[in-house]
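Got a structure for you, written out below as structure tokens; questions coming shortly.
We just call them A, B, C and D in the order they show up, numbering each chain from 1.
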Amino acid sequence: MNINDPESYLESLRTLERNVYVLGERCTNTVDNPLVRPSANAVAETYEVGAEPEAASLLFTTSHLSGREISRFTHIHQSTDDLVDKVLMQRLLGRRTATCFQRCVGMDGFNALYSVTHECDEAHGTPYHARFKDYLEWVQDSNVVVEGAMTDVKGDRSLRPGEQPDPDMFLHLVDRTPEGIVVRGAKAHQTGALNSHEILVMPTTAMREGEEEFAVSFAVPADTKGITFVLGRQPSDTRKMEGSPLDLGNRYGSQEALVIFDDVFVPSERVFMCGETDQSGKVVERFASFHRQSYGGCKVGVGDVLIGAAQLAADYQGSSKASHVRDKITEMVHLNETLFCCGIACSAQGRATEAGNYEVEPLLANICKLNVTRFPFEIARLLQDIAGGLIVTMPSEKDFDNPETAAYLEKYLKGVDSVPTLDRIKVLKFIENMTVGCGAAAYLTESIHGAGSPQAQRIMISRLANLKEKVELAKRISHIED
Amino acid sequence: MNINDPESYLESLRTLERNVYVLGERCTNTVDNPLVRPSANAVAETYEVGAEPEAASLLFTTSHLSGREISRFTHIHQSTDDLVDKVLMQRLLGRRTATCFQRCVGMDGFNALYSVTHECDEAHGTPYHARFKDYLEWVQDSNVVVEGAMTDVKGDRSLRPGEQPDPDMFLHLVDRTPEGIVVRGAKAHQTGALNSHEILVMPTTAMREGEEEFAVSFAVPADTKGITFVLGRQPSDTRKMEGSPLDLGNRYGSQEALVIFDDVFVPSERVFMCGETDQSGKVVERFASFHRQSYGGCKVGVGDVLIGAAQLAADYQGSSKASHVRDKITEMVHLNETLFCCGIACSAQGRATEAGNYEVEPLLANICKLNVTRFPFEIARLLQDIAGGLIVTMPSEKDFDNPETAAYLEKYLKGVDSVPTLDRIKVLKFIENMTVGCGAAAYLTESIHGAGSPQAQRIMISRLANLKEKVELAKRISHIED
Amino acid sequence: MNINDPESYLESLRTLERNVYVLGERCTNTVDNPLVRPSANAVAETYEVGAEPEAASLLFTTSHLSGREISRFTHIHQSTDDLVDKVLMQRLLGRRTATCFQRCVGMDGFNALYSVTHECDEAHGTPYHARFKDYLEWVQDSNVVVEGAMTDVKGDRSLRPGEQPDPDMFLHLVDRTPEGIVVRGAKAHQTGALNSHEILVMPTTAMREGEEEFAVSFAVPADTKGITFVLGRQPSDTRKMEGSPLDLGNRYGSQEALVIFDDVFVPSERVFMCGETDQSGKVVERFASFHRQSYGGCKVGVGDVLIGAAQLAADYQGSSKASHVRDKITEMVHLNETLFCCGIACSAQGRATEAGNYEVEPLLANICKLNVTRFPFEIARLLQDIAGGLIVTMPSEKDFDNPETAAYLEKYLKGVDSVPTLDRIKVLKFIENMTVGCGAAAYLTESIHGAGSPQAQRIMISRLANLKEKVELAKRISHIED
Amino acid sequence: MNINDPESYLESLRTLERNVYVLGERCTNTVDNPLVRPSANAVAETYEVGAEPEAASLLFTTSHLSGREISRFTHIHQSTDDLVDKVLMQRLLGRRTATCFQRCVGMDGFNALYSVTHECDEAHGTPYHARFKDYLEWVQDSNVVVEGAMTDVKGDRSLRPGEQPDPDMFLHLVDRTPEGIVVRGAKAHQTGALNSHEILVMPTTAMREGEEEFAVSFAVPADTKGITFVLGRQPSDTRKMEGSPLDLGNRYGSQEALVIFDDVFVPSERVFMCGETDQSGKVVERFASFHRQSYGGCKVGVGDVLIGAAQLAADYQGSSKASHVRDKITEMVHLNETLFCCGIACSAQGRATEAGNYEVEPLLANICKLNVTRFPFEIARLLQDIAGGLIVTMPSEKDFDNPETAAYLEKYLKGVDSVPTLDRIKVLKFIENMTVGCGAAAYLTESIHGAGSPQAQRIMISRLANLKEKVELAKRISHIED
């Protein structure tokens, strides 16, 4: 397997023999399932050099392991420039797809495990780092999509892993053999699960002494025996099956699935943590920092398209010169670029780990994501304000096709005279998709919960804020002596 | 016709012979169309006494015309208490349906035209007020649903009605006969159009001299010759046709349609304005004030259900004791009740018109609506925050039905042990509906644009703010003399 | 004593023989102390009929005890109309003074104690209600200013009253004689303390069993033996002593003091609670509700002047036609009127107590105040935005007087040609006062902490929100059965 | 002159023979004037190596002109690392002084003029760049403070420079001799004017053809004949003269003055622009970008101290474990670090000019400043919330000194038992200073208006947003073809 363009990527997915359920039915070929395809199209863009002059150098780079050219999605960041380029790549792909292209979770998982396996080996004499590099080099060369799987289903949120009535609410070790381990549990909200060749499992939280069985990390092929995928529903999802591209609004999409591990065997060479509870929290925090940085790139790219759509809708309706419209668009830009600033800042302030790779500045990465949990809602609100109520009252594509209504619609839904009615409808259908349709799942809900819910960021910010040092500043300036 | 309960209401709709299009097909029986039915169910609640002790006195009252008991939706407000009761009724129905129950536009239209026809007759010697009262008494007795139709399609927003390349972009008079008038045009975003027996047309903006043809107001039966309805799409709308009540999330719904008037004849006795441009702005402003008040009731009722859903979801997941969850719920309550304060205040500060009926305080009504264009988005964001990402990653009802996946889902999507998994899923599917699904059209987008877009409120606030008087206050206290 | 105009009010203050400290010195005549006078001027406005047509009926009303005309500040609200009129009176006085006129705490204390003394007598057979009415009738007839004293100094916020290392951190009973009681402690932030004839003490929080000594309420003359007042500092306070009215910005002011009770004797006929812990929480909650309503009036009146000042400053600088300036002023109006809506709503939704007087709707009163803790900061920010940086870089009045600089300032600080430079400076000095000067203490800081800090409102909102009922709504609509 | 520590800096100011007015009086020695001194102390910190390990490398660097060590405040940025270090230096000094240290305007002016003089010479054959480098090298070696003077008084904001009734409302050329030029006008809000040795004048806006006389830039010593300084007032300014350090709150301060140029002669070798209108807008935009970046450093440093003060005040009052307090402090950190992200991002994304020096990314610099016009107000509001109302009701230092009140205050203003009362008062007095006192001028008002008012940033954001490109993204994804 050596995937090097969108076509070979899509073809590679067709060969996977997985246990997948979509809307209540077994699905043996996800890539040609119209409900799933838009999300595969978004991933496929990561394989596409594209027309943007800067794209090639952002999407592809050189492996520090092999010296060969690889996808940046499989790269270990070697400098703050690499961290910045990651954000720029994400913004670029957000601009192309206006959705989640699903390949960042794996990338962020690689970069977290790279340094933690190193430190774990130092602390415990384990063999994980070399194993992980072997795996990673294979990933880089084969260029497969690896889904990063962290979030357990968690059951009762007021109970720790070991305290749940059902021990499987957190994925855990159920057996250990000379050749490997057996695990059971389920990972929820798995982004791009059906578009991935591999699954990279990580623990969902910092485990404590006595919770060793939950401190496991490993990689398995997506078609490993015992794994079941159930695709999640999204708003307006079945429009993808209607054959009405106009009503679809965006031909790219995102995807999440529930992934169940029913006593799955993992060979030792793919196990990267197994019981080292003191390392589990570090994986979570580093992965989270990288992934919170990511949102300062991808969602900004989506924001760019939404700002363009606002301007276009206003142009088409004759309102783009109104001062309140211009002011709202300026505000959208302001909010969007504030997110970008956060993505850039935590990258530019990044630093080397003991393993030599670069990680983001974690406080600023959490700041980044916490803003992402807020601003896209305001951007979406402003966009809907500019677009007008028509986004939820537009007739269907079929009404535009029906000769009994087509002329009426053509006539009465026209905006400015020079623009074809259907062009206006197209951009409004796109806005519908992004703010109350399928795209809202990725742009709004995922912006809240992806890479951890807001409270997770607040806890990290509180922890990383160095309040003690700030108290000393206040004491000094207030002339308070202890 | 004398509709007095939900059943007779639904039955009455079946008899209407209208020209309706739904998803590209002619639909002769809207009420039994599964895509439309949830919205009819919401309207039907206005005919239902219901279990709430205060419901009867809120939903029904005594006609000042006939002295007979009538639906408050057909009532002319006789006091500030009536204005307050209107808001309380709307909150109650919002709590029942968690959506738009579609009957307020007509009610607000009645109350606007009641005073304006009176003043028009005073100014121009026209016969509109008596005509309008005759019509209204018939409405009160028959208890039909009357759709208020104001918003024209408007074409190029930078051009006035008379300046549009296509003169039909604003509904207008095309002929006048001894028996009545003929009109042409289209009204967009018509709430509850397919669930209404009658259409009450009003001008969309204040017309100026030379724009007489656009200053028309009248009522016609929905099945009048020349009228065509095209239903608008909403997010996730076709879930209503899937036969998956779980995935539907809310069995009530709202509805908007495009209503086209292709040379429709209106008999004189149903014409309430025809060319009196100086009266048109008053209809718009008074209707808008009443309708902006309305949002301080209905959306608050929906908010109540959403707050309950947040608490319920948190209870079911074991997170309701976390201080950040409690704090977010408090914030949701705070925002929701602030909207209620605005709805109550503009009612309590209402005043009598020359015609004797009561109108709301217009500045405060605009304040009310402008807050409604903002707070529901924040409430929805907080609700999604508390509910978790599962709202956009949950499997379908069909996956819960499929024996190959059912046990997995039952097991892994459980929250606290004492609550059946499906109960948790039910409330999350409801939250999905309300924040990114079908219900978001009514709770979010309509909150921006219904009763006029935010800028319309800002213009009115600026106009009604009495800045001159405030400048005098500032001069006095700053000891500035002219 | 029968105070009936500003002059007799000021004269009456001169006769009080109190123990007052101002900036480190004993002050025997506060009213003629230039540091204190602006705050007395603000109180004096409550005795002034004034030029506004509605003022007389708002400021004065009829006693339900005596049938005589009284100041509304001494009135027990008899209806929701009375509650609304209270808010309108407060807005009117806020418009006159642009500051805190200090007489509301007493008024709100009267109305809280009126119903609680009644209920206490019912529960405990105590004689408080009749005593309180006697006292109140004397207050109404004499028309004295009564300071409401609730907030204890509280020491360590993590400890209950009885747990403090120093038991005096909450005012408490230290002795009881046949003729009365002796109390010790201190009340902080006492609004208008130096401008009051009487002090009405109330407990600061809901006391529990074992905390009887802290559950005391009583009234004493301000010049009672053992009471010491220490005036608090405010920003720019000494400008009042400079003799530079221009630099002062606002000739009205507010005032807070620390009031220390060092074994003060209170005769029995002025004791309204003594040990009835179950009643103490009710006093706090009812007082708080009334006082949180108050902010929906007074601060709105101040907001009116600030909006006028924004418009005036823009007019004087030639910027008032810029769309962003108009938009900011509209936003200021919107925020200010939202606060007014809350003040009106909790009044209009008020209800009778068992004692027959009317209290506000407590949930909405808390909503009101919580908004007041936020919006004035945004109004002040917008005002500063419009006014320009000159508010903190303007030369002093003395520079305008100095012939070496006067001509330069006259020339270079001119705005539009038609407006004298000093008129522009006057309004900017007023804005300075209100946003970063002395007036900011009342408009900003007091808006956060007066009538309880934000968290106090949030706790009440959470408690009053009836989440259980809302959960039932969510269950019903989600088809969840227990 | 070769200033190399705080003492020599202060001494150097004493030798300046300037025409300065302070509170209406001529002031010949500003540095020993107690009203001015705190602001000189803040500038003096820029000469102090200090205790922070990173300070030396941030405050001092190597001149690219001479290779000698210089103050970074006189440095021309040679890389994005330099741009980042500038922000870090500003944060460090903000943490030391909690105010404006006044030396950035000059630094930002140097960096703007460096590239513009180069481009001007290319376009017009002028000799400015070499002249400017000569001047700069002298500044670097002498290490003087140079005030950057941009903002004209501007008169009627609706009129252009040439249209004002009084032509002097914008500083302009009035004569030209073989040796130099003569200018007239006034610069307002001049930060640090009384603490500077030199004034570097720049045009206030982009001049157009016909406005040549206003397109002037030059440097003059502060004690040049014809220059008059009038110090601006700040809230609570005279506390600095009371000899009450406790009440002062912060012994550092900021400063703004009006600087009048009454026919001032400038020798040719100090003239850097004279009539090249096409270059004037570039100076304004580049200076503004640098200065908008600056706020992402200095105000963040101040924010650090305020966050520390919030934590300290809560600790001292026993409230720091309350979840709402912790949550508010987390929010303060979040807002503060978001500003820092913006400061870092516009630096890290900086780029080389044609002259070889580095400038910030201008869109992100404007984003930075626009956030600064908002967040400090929310930070200040949260700080006041945590600190409590005592910040505006505390007695004066003199009351703590007066034996008749001292014991009462010591007793009753105590917080937790282990902390001396005066320590609690100290931090609260600091908070008073920063939120409603003298410090609020720098932290709040200056955050709005410094480096241009919010609308200036919005205009730049709108201009730099590349909406055309974003429209193309929206068209592509919506399948709209032209």
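Quick note on the criterion: a residue touches a chain if its C-beta (ideal position, glycine included) is under 8 Å from a C-beta of that chain, and two chains touch if they have at least 3 such contacts.
The model shown is predicted, which means the values in this text are computed figures rather than measured ones.
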{"item": "Recurring contact interface, reference B-C, options A-B, A-D or B-D [over half identical by residue number]", "value": "A-D"}
{"item": "Which of C-D and A-C has more C-beta contact pairs", "value": "C-D"}
{"item": "Whole-Å gap between the CA centroids of chain C and chain D", "value": "37"}
{"item": "Distance from the mean Cα position of chain C to that of chain A, given in whole angstrom", "value": "51"}
{"item": "Mean-CA-position distance for chain D and chain A (Å)", "value": "40"}
{"item": "Residues of chain C touching at least two other chains", "value": "324, 327, 458"}
{"item": "Chain B-facing residues of chain C, complex", "value": "84, 95-98, 245, 249-252, 304-309, 311-312, 315, 326-327, 329-330, 333-334, 337-338, 340-349, 363-364, 367-368, 370-371, 423, 426-427, 429-430, 458, 461-462, 465, 467, 469-475, 477-480"}
{"item": "Of all residues in chain B, those that touch chain D in their complex", "value": "323-324, 327"}
{"item": "Chain A contact footprint on chain B (complex, rising order)", "value": "21, 23-26, 153, 155-159, 165-166, 168-169, 186, 188-189, 228, 230-239, 242, 247, 256-258, 260, 262, 317-319, 321-322, 324, 373-374, 377-378, 380-381, 384-385, 388-399, 401-402, 404-405, 408-409, 411-417, 432, 435-437, 440-441, 444-446, 448-450, 453-455, 458"}
